[in-house]
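Okay, got some structures for you below.
Below, chain A partners chain B and then partners chain C, in two separate complexes.
Right, the complex of A and B next:
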């Protein structure tokens, strides 16, 4: 079916290097998400896979065939765009069938494809309408229908949900995931929304400034990031980063007007690095109110915490205070969040805490 | 017994009488018997108002917002009337200071009079509507058109009057006089369709129409074709795009007269293209379109295209730029060849741009005149005559106004024949959709 290999891909526009030596293997049937801040080259990489831009060097192999110099239509791919890119003067049925018609698919076959696709996406009652008469979610479905009609080896999604409102986005997200389960085709999906990435992906590839930072399952990316950048990018509310002085394999933290020595798991890495000051990365959900059943975990410690701001989010409450004069977000239950103030008893679980080199931003391992 | 509604109705009645008096004064009534009728009516209406006031005890004119606005229109009418009266001799005798500016007053006199009448009419309509619908919960059509944005509507009125005056009245006047035997000056003596018979028996008119048809068809097709091609080429991320665009647009900055002169020189056999090629050694080379009766109109066409296509290109380029880049990407992924993408997707999407362009080109075709005058003066013989030139020549050259009017009426009619179904289709379709 549709495995993709990207080997040593380079791309530059004029003197600006957009992609630097990208190597990426996507297995058949995999859902891969390309994520990164705007301008990181993720859309360019997508366009390269689609064949909409020419490579400077490197090769793209789809399903064992080197397609680096092929035109988009010969790569057996389909793409869904952010603005949907439906042909506004044609009705939905013709939008879906136009590509088939151009590729000389017989009329009867076109009709059966149209029927199958429109039933799959539940747009069979919209076939006579023009795109202008559809809502955002419906347009999105039609755009996916147009992609599905070609039964390609690979689906490419270029930020397909960015133009939808928040609620619809969640619905369509589930829809896409279901679709992937049902048809099992390889999908490459570009987004800058880390929640989309976490929920949809089999694997996530994080890009920054045209370089591949890390590729791995959502769990790996979230819990085992390779750098400060990746750790910072994934997660909402984001990871806390605190510069700490090292003292006897422990880290010193000043919280609520007192100094604490915090026990951390990755001591070997700390010893190996020989640094006096390190960047401690700890996710907000590891900083909570005191839980009753925490016996036997030596990394659980208690500190006093001065809460400055409370942001209730419904399911839980984010409280913001300071450690070592750096802002720290902690995640409390709504009940304890309401009463949080100065001198709050905070439970710190460092079992998943990670350390970074403050100058290079790389993970200490 | 008088109810509350009665005095208002009487008041409206008296205003109507006053309005009638005003019209009578301005139109002027000849017979001796009626000469002082307007003053009589005015007096009667005044007495009526006083009587109503006396009977009802008090006026209740401003009882709702419509009538409130009507007062505004009345004030505007009073101002216009004052302006009009400044131009009158009798006022100027009373206030000699006004005489100093009598040129200004004279300029504004007809406008002020017209405005006074219209404003009073508006006030009346509002009064009547305001009296009939005393509740007025929802703003109706009249309120929307006469009350909302009142000040901006008053400000727009001079332009409306000018447009109506120039286009509608002048057009009707022209059509009317095409049925007369006016020569140098307009006369009102009807002679039926004689001018049209003469027009359609004239070889020169036939020649003009034939030329216009050739020029129009070619100009329309080639302007659109070349303009769109240039725009499509420039849209391919061309280097020096700005430079090319400027070069293509430059001829548009020249007037038709200058364009005509330039191309007359270029096409002139004695110092144009023919001369240059002959001086290169091709002694028998012949290229003199402006001196060949069969192809002279194409010589004019070339100049017209040279002048106009750059602008068409700019319009088309703007249209192309308005098309989402993702549409192009989608078409490429769908495997649609570029030319098919243009024809099947992009051009249908550019429909509004094409309609605008079509209107601009069509207007340019109908009014082509100066190009012909500058290049050939209609020659050789009359082989490059065009209808606009026919009209001008008969109106001012041959001093036969009615013949010129007949020709221009024919032009109007033919434009309407093309335009009305088009407008009907275009706007009727949108309403149904």
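Right, the complex of A and C next:
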């Protein structure tokens, strides 16, 4: 129905290369997230799929058909824009039906589609209003309604939630996920919000400077990143990166005024790399107060930790201190009773720790 | 409200209002003189005070100016020339506004190689003085067989006006988000459908601005009118000039004044009716979605 293949996509604006040799296959019904920092080319890639920009080279295949030279209207694609791009002079009903009107769908059919879509999105009481009379969340729904009305092969979302306030964003996120479950159409979704990416995606594609860094399930991207960049981008609070000297297959860490030799799981990679100094990547949730239940795991070690700053987040508390003169964030239970300026015993679980080459930023495997 | 006190603030206010009143009076004085003079008969003008109200108001001068005053050798008043002006202004305003809207749409939202240069070149047209193009334009009109015709004058005004109307519409449309165009493209709308269904409905304020601007410019034009018209196709401005300069017997100031007001009435009317949209349209930058 709506599979997409992007083959060797290149795009440049003048002399700036925006996308470099992108290859990506999206299965029918898949929810794919394109994520990356601003300027990485993710929106350009989306515009290329939609046909709003022209390719420099490569081909785009939708549902087995090469649509590289087709105009947007012949690609059977619907898009939800960041600014919603609702037609300001048309009421909600006409906004939703405009695409049908342009495609000469009979009036009676338009009406039944309008009814179905507006009920699905709970906007049936707003049909006579102009976009200017709607709240942000309502506009968002209308924009989705406009996309849904045409039952396209593929939905494109260009940072659709970034103009909403935090609470509404979480609500709409859930709603988009439900919607995808319900209609099962292929969705490509651009965002720079890693939480959106983790929660919505079947697969995530991470872009940086116009190059595809990694494609994988949210679990793979989070736990098995290919580079420092990907590891750094996903997770909040972010992964800790500490430069460590290697000694006898262990890493030296200075914490709370003492030196420790830390045992790590990925020894083969470490030996293979022949590096004297490596970048240790460890997520804050692997650094906790001592938990008696986890005995018997050889990667669990204890170090002294001096807390400089405490940031309570409600469900848990982030404490910030130093390892090897680098800031380290650890995740504590709010009941742990630690306070800034105090030291305590920190439990370090290195079973999911990963190593990077400090100069190239690539993962040591 | 507290009672009015003679504070420093109030004295300052009073001073400001006094100055404003003075200048308002200064600006309105000529209109007052024109209007009162047009209602006096010639005896009263000769003997009376310029600023005095008419003792026995009469519309004689207005009637004469409209239907029987002499403009050169003919004595049919301004009426035929008034209709000439209408026949020039209406098509010229409509055509130049539509062309400008279309140009502006293309230059703002369908940029092509060289479109910025083209826009710059068009802008240049706003700065060319009328006098510079008199001769080449006369030659062109002659070649087209449109010399001394109303159609010829319409053509001149359209060509001259397109530079301004394009500028207005282009700058207005630049403020409309391009995402609207993209959304409409994905909805299956083409070049003309997007213009018609998305842009035109958004354009009411800029249409008003452009129409007022063009109407005033073309109605008030004298130079093109005097150069490119023949006998019988002259616009009202030229006729007014002829009327004032034709002296059969003594100078009839009351008729001159009435004629001048008649010539100025349509532009005044347009501004009074649509003026608030004019100001609004000029300042309307963002279109909120």
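Observations on the structure shown:
Everything that follows uses one rule, which is that the second predicted complex is superposed on the first by the 360 of 365 C-alpha atoms of A that agree within 3 Å, B and C clash if a C-alpha of one lies under 4 Å from a C-alpha of the other, contacts with A are read in each partner's own complex, and residues count from 1 in each chain.
Operating definition for what follows: contacts are C-beta pairs under 8 Å (C-beta built on N, C-alpha and C of every residue); 3 or more make two chains touch, one makes a residue touch a chain.
All values derive from a computational prediction rather than experimental measurement.
With the C-alpha superposition on chain A as described, chain C and chain B clash in the combined arrangement.
By the document's definition of touching, of the two partners only chain C reaches A:131; chain B does not. Of the two partner chains placed by the overlay, chain B and chain C both lie in contact with A:77. Once chain A of one complex is fitted onto chain A of the other, the partner contacts of A:346 are absent, as it touches neither chain B nor chain C. In the superposition on chain A, contact of A:89 is made with both chain B and chain C.
In the superposed model, A:244 makes contact with neither chain B nor chain C. Shared-chain residue A:50: touches chain B and chain C both. Taking the listed stretches 45-53, 99-107 or 207-215 of chain B in turn, the superposition on chain A shows a clash with chain C for 207-215 alone.
Under the contact criterion defined above, the residues of chain A that touch both chain B in one complex and chain C in the other are 47, 50-52, 71-73, 77-79, 81-90, 98-99, 102-103, 146, 150.
Residues 177, 179-180, 182-190, 193, 197-198, 201-202, 287-289 of chain C are the ones that touch chain A when the two sit in their complex.
Listed in rising order, the residues of chain B touching chain A in the complex are 324, 326-327, 329-337, 340, 344-345, 348-349, 351. Per the touch definition, chain A reaches chain C in the complex via residues 47, 50-52, 71-73, 77-79, 81-90, 98-99, 102-103, 131-132, 139, 146, 150.
Looking at the complex, you find that chain A touches chain B at residues 47, 50-52, 71-74, 77-79, 81-90, 98-99, 102-103, 146, 150.
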